[in-house]
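Below is one structure; the comments refer to it alone.
Chain IDs A, B, C, D, E and F follow the sequence of writing; residue 1 opens each chain.
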Amino acid sequence: MAHRTELERLLAATLEPSRFKDYGPNGLQVEGREQIGRLICGVTASLALIDAAIEARADAILVHHGLFWRGQDGQVVGWMKQRLSRLLSHDINLFAYHLPLDAHPELGNNAQLALHLGWQADGRFGEQDLGSIGELPASFADLPSLTHHLEERLGRATVQAVGDGRPLRRVAWCTGGAQGYFEAAIAAGADVFITGEISEPQAHYAAETGVAFIAAGHHATERYGVQALGRHVAQALGLDYQFIDIPNPA
Amino acid sequence: MAHRTELERLLAATLEPSRFKDYGPNGLQVEGREQIGRLICGVTASLALIDAAIEARADAILVHHGLFWRGQDGQVVGWMKQRLSRLLSHDINLFAYHLPLDAHPELGNNAQLALHLGWQADGRFGEQDLGSIGELPASFADLPSLTHHLEERLGRATVQAVGDGRPLRRVAWCTGGAQGYFEAAIAAGADVFITGEISEPQAHYAAETGVAFIAAGHHATERYGVQALGRHVAQALGLDYQFIDIPNPA
Amino acid sequence: MAHRTELERLLAATLEPSRFKDYGPNGLQVEGREQIGRLICGVTASLALIDAAIEARADAILVHHGLFWRGQDGQVVGWMKQRLSRLLSHDINLFAYHLPLDAHPELGNNAQLALHLGWQADGRFGEQDLGSIGELPASFADLPSLTHHLEERLGRATVQAVGDGRPLRRVAWCTGGAQGYFEAAIAAGADVFITGEISEPQAHYAAETGVAFIAAGHHATERYGVQALGRHVAQALGLDYQFIDIPNPA
Amino acid sequence: MAHRTELERLLAATLEPSRFKDYGPNGLQVEGREQIGRLICGVTASLALIDAAIEARADAILVHHGLFWRGQDGQVVGWMKQRLSRLLSHDINLFAYHLPLDAHPELGNNAQLALHLGWQADGRFGEQDLGSIGELPASFADLPSLTHHLEERLGRATVQAVGDGRPLRRVAWCTGGAQGYFEAAIAAGADVFITGEISEPQAHYAAETGVAFIAAGHHATERYGVQALGRHVAQALGLDYQFIDIPNPA
Amino acid sequence: MAHRTELERLLAATLEPSRFKDYGPNGLQVEGREQIGRLICGVTASLALIDAAIEARADAILVHHGLFWRGQDGQVVGWMKQRLSRLLSHDINLFAYHLPLDAHPELGNNAQLALHLGWQADGRFGEQDLGSIGELPASFADLPSLTHHLEERLGRATVQAVGDGRPLRRVAWCTGGAQGYFEAAIAAGADVFITGEISEPQAHYAAETGVAFIAAGHHATERYGVQALGRHVAQALGLDYQFIDIPNPA
Amino acid sequence: MAHRTELERLLAATLEPSRFKDYGPNGLQVEGREQIGRLICGVTASLALIDAAIEARADAILVHHGLFWRGQDGQVVGWMKQRLSRLLSHDINLFAYHLPLDAHPELGNNAQLALHLGWQADGRFGEQDLGSIGELPASFADLPSLTHHLEERLGRATVQAVGDGRPLRRVAWCTGGAQGYFEAAIAAGADVFITGEISEPQAHYAAETGVAFIAAGHHATERYGVQALGRHVAQALGLDYQFIDIPNPA
């Protein structure tokens, strides 16, 4: 059991959100009850996650993708109305951390994805140092092996991979929709870049530079940081903790 | 009885919000039930107004000052949480119109304040033509008479007035917190400028230019437009209609 | 045979690029030889397309995705160096038209995709009116039929589709990477929205609003406008014309 | 007697204006004679202050509110012409310091107001750390007592105060037109916030959060910093010094 | 004799300054006496011009280059102090018109320069249509003849000219510091571009494109518009009028 | 002989371009062959320099003014097409360093110009500390002597100099088109300011402040930094090195 502000302070001390220029507010996004005993974690504050958290008797939800983003005008209509009214009528707190959760050197999405996949970073690249780069273990040193490994470890059938078959030594990665970091990954010396999504230009860049590109799923690559963070704070404050995975094809 | 979108369309057709560059979204700010029979109007979507509207069994609230403004980051905490959860749990629609409601030539705050005070505009000035200017009736052609008239008509004891006693012929006005329009009013030929609030510089400008400045209350000057608009749309759509005034010292 | 400036003038007169706020320069992006007899069209000015055009003895290439985009700093290194030096050493002109080619009411990507799929627009929505909306023919009025139809007509196996099985009457579409237009499509009354790519949030919006979302491929949906435009100008100026399709998994 | 640049250097060394993002230039705003023997201080460079300073045979005027603010276009007409020509024709220097004078930990408006009212800051909050917060002495620990104390100490009859009667322990304050800092003061744990002006929203926030709000006058709260600064530099450089108070209802 | 606002209205009606996006305020920049009998025109509101105007007993000065430009912070020190105090102490009005005076089709700098040089515009080019283009009379259809003609007509010894000797048919021009328009002039079909100043890149562009570039002096090319405008308004309002030329090597 | 990336790393380590806010990309602007044996330096990447470098069998060109600047849209037409295709068809690397090369304390344009002219900086001023200031040797302590010295040392006949004959003790300078730094130089205590170009306002400022202004040529003042840098990196990496001077009247 912990007071809401105690949890908020621990999250802020852990992730240092003020160091980041982000696309939305990091921290408490929707205020719920003061005492928190049960913490539910998930990737995105979707209605499905909120409903599952209600079902699980959550006092607070901790996510990577919250409700509010720069450019929204605030209107509470449609899906936003549904999500907000469900949270408010059940008095559940919503905490969201975006880039600070991608970047944390131990609990972050990039660090945890690497841990899950069996390698680790020895460098950083790109804006706000959000990209990670490291040595690829010899057992996945070609595109088919690496792709197979990803499908197996992420439990996701279709992984888009573009490459020309050359051996892979340096792997760069950035979870989520980081396809725009591909060129920075190439400049940083990657042989292959792994992220969640692919857009139109990346297939051409891969073909033309010989650096392989793998789109392993936005959701699939961003499930690990919030679990590590949730476990960490739950343990520190003596909270019940559960991760709920809402499948997402993207 | 009207469908929510019918009311929204009528409001948009009347006020043409897309013609304005505004500080927040004009239109449906919080989505409530689909069928609207009872419309409550007020100046500001404060908790007190929302609670009074719940008491009055409102299906929709129509205000001049809504909940969302440019620069907010979206967080639903503190007073915002209270206002939003009250609206959502009672499934009440919130419609807000800001500058379009100040500026409407018949139903707007400026036009209705003038009607209430006994004069009318023959010109416009300032950014987006939000300021109005006209002839002051001879019976209020000096600062004490005009101040007394305002106190009487607005039902508000303390009206701040700064001037040097010269006769007043041209009156400029802009409801609410339009103290920054004082210099444009002077350039437009005003002898006196009426708005809701005063800040530090205006007293000096009044003293130095001889143009009188009256701060008659932000709330006090902005109660008329929303009433006219509310009556207008309620009549057109056959809705119950009520204006609820929440006193505000500012 | 036409002079380069004659072709440029016809393209500008047809597409009126100055009416658009775009992400890169529309028009002649790389200057080649003055006399143009053979025009090659393609979706993207990738190295593969450029090499195929050289093979085909092109005098000019016309594409939807050119080489230059806002935010680039101009450096001619890596893939950019390869593409540019290939174009320059073969003295081939590169013409690129982005949003003006999406939006043209007859030759544009949206219009041509609809023609190819068997329906047509009766309205527009979204920023710069780039989205199209219309009635879906009864034969594709459910998600499985529509998905099957798209796979067949676009010749592309995997089409991501998210929906809940309700009947579809109004279809909105915008070719390419227009997933960010999904909410505008919902507001415009669509039952299903078709674009090229999907990102993380759209699956949730589809689940929560009941409006279906189909990602049919960025490349797959943007192959039709440039063909129509190419045929149109080639015919007008008496040029040889050929469309070269470079497959792209995205 | 001191040279103009000697005074300017001492002011800059004391207030470190380059550390602030401000709304106008801090430092020498209007150049007058080189030798300065007599320094007049005031809140605002109004015509009344300038005329009083001429009367008092000033060589330099030091103010909190100077003549130039971001967004002005430079035109020297109306009141600006009067103020400038009076200064220039009497060859009087005008020095102005805005936010650096609010924020100085000993000589600043916030620090001096607290000294004058009988308490002191133990923390800071808000943008550029401009807000101060501290313990309220037990003798003013309720709104009526605090209001009475303010009226007495500031010598100003009407102080607007909004609150619900609960006991007050933590006081936050920021002199001048800092009503926009109210929410940051609430988040910082204040029981009451004191500033110079009130606008429409603050009365509602006070009612809804239970945190009291006091508008004690923009001018009334900003008279103390410039006096402390003036005395400090006058003493250091051996100048004659006088503070001239020009009353302002706002 | 005319009232200051009468002159201001005539100037605004003639030049329509609100149609331009400019670098400083167009219109009355410094307010002087109300009655204007004697109008002095010049290129720049320099101290030398102001002193000459005082000598000539000016009531108003009309210039192309005023005192205030975007990016200044308002400080009245150094040369600005000298100019402003001279104007204010002699109660002289300063009117300044920048781009509207370059662009006016009859009285503007471009139109008047062409008249003075013996040709006229048949087209416009560049941002805000500020550049002019036309046929060069046969007698100056080569660079040495044109340069000689310019030196003779502008009364200025050194005119920088860069070109390769080819015959000149189309001349583009834009008075003042318009070297940045050279590329637009080339795109518009010019054989030679005349402006006031040259910077480092233009010599290379001239050498590489074969389009000649002539820097005939910023001051030298901008003396004609203000004379035409001054004569025009002086005649309309019955004012004394005189142009005073302050030599400038740039 | 050095690899391209070795040269790039040495240049970056020497000049630290990431410390500057610049108008274009510093570093490798056009990628050529990997092995570099022969380095040609010049002021500007003009076609004349590129052709001379081809003639001299350059592997890389190092310049102060590269090809790409903020505000360009990327189009490769006209002179840009000529320069780029010449570089690319000869596989020559282009390295460009702008402000970092002006500012380097030993190899930079300002430092090297001073060395060439016989004095040195003891201070810095202006944006990004780009301006230098120091004591003028007694032998050039008046404008005619200094002008004569500049003409002799820079080998350039016409140097524009504006001043009133007073003795000169402090000299400020900033190479190239830094006329906009004149006021900062005056504020920094200069008696004379030397830069490459003059625009219309500087002649007036010089006349009104008594601080002399010398325009010694943009090209003429910026020839020294790139030579020092070129020699430095050529020596460090064992490259052939040559400076090629392309005359420029500006």
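As a convention for this text, a residue touches a chain if its C-beta (ideal position, glycine included) is under 8 Å from a C-beta of that chain, and two chains touch if they have at least 3 such contacts.
To keep track of the chains, here are their UniProt names: A, B, C, D, E, F = Dinuclear metal center YbgI/SA1388 family protein.
Keep in mind it's a predicted model, so treat the numbers as computed, not measured.
The fewest steps needed to get from chain C to chain D, moving only between touching chains, is 3.
Touching chain B and chain D together: no chain.
Placing every chain at the mean of its C-alpha atoms, the farthest one from chain A is found to be E. Ranked by distance of CA centroids from chain F, the top chain is B.
By number of C-beta pairs in contact, E-F leads over the other of D-E and E-F. As for how the two copies chain A and chain B face one another, over half of their interface residue numbers coincide.
Chain geometry summary: the mean Cα position of chain A and that of chain C are 31 Å apart.
Per-chain Cα centroids separate chain C from chain E by 47 Å. Among the residues of chain C, those touching two or more other chains are numbered 78. Shown here, the protein chains touch around one cycle, each chain meeting exactly two partners.
Touching chains close into a ring; read starting at chain B and passing to chain D, it gives B, D, E, F, C, A. Interface of chain F with chain C (complex): residues 24-25, 27-31, 67-69, 72-78, 81, 84-85, 88-89. Those residues of chain C lying in contact with chain A across their complex are 44, 46-48, 65, 78-79, 82-83, 158, 160, 162, 176-177, 183, 186, 196-205, 207-209, 218-219, 248-250.
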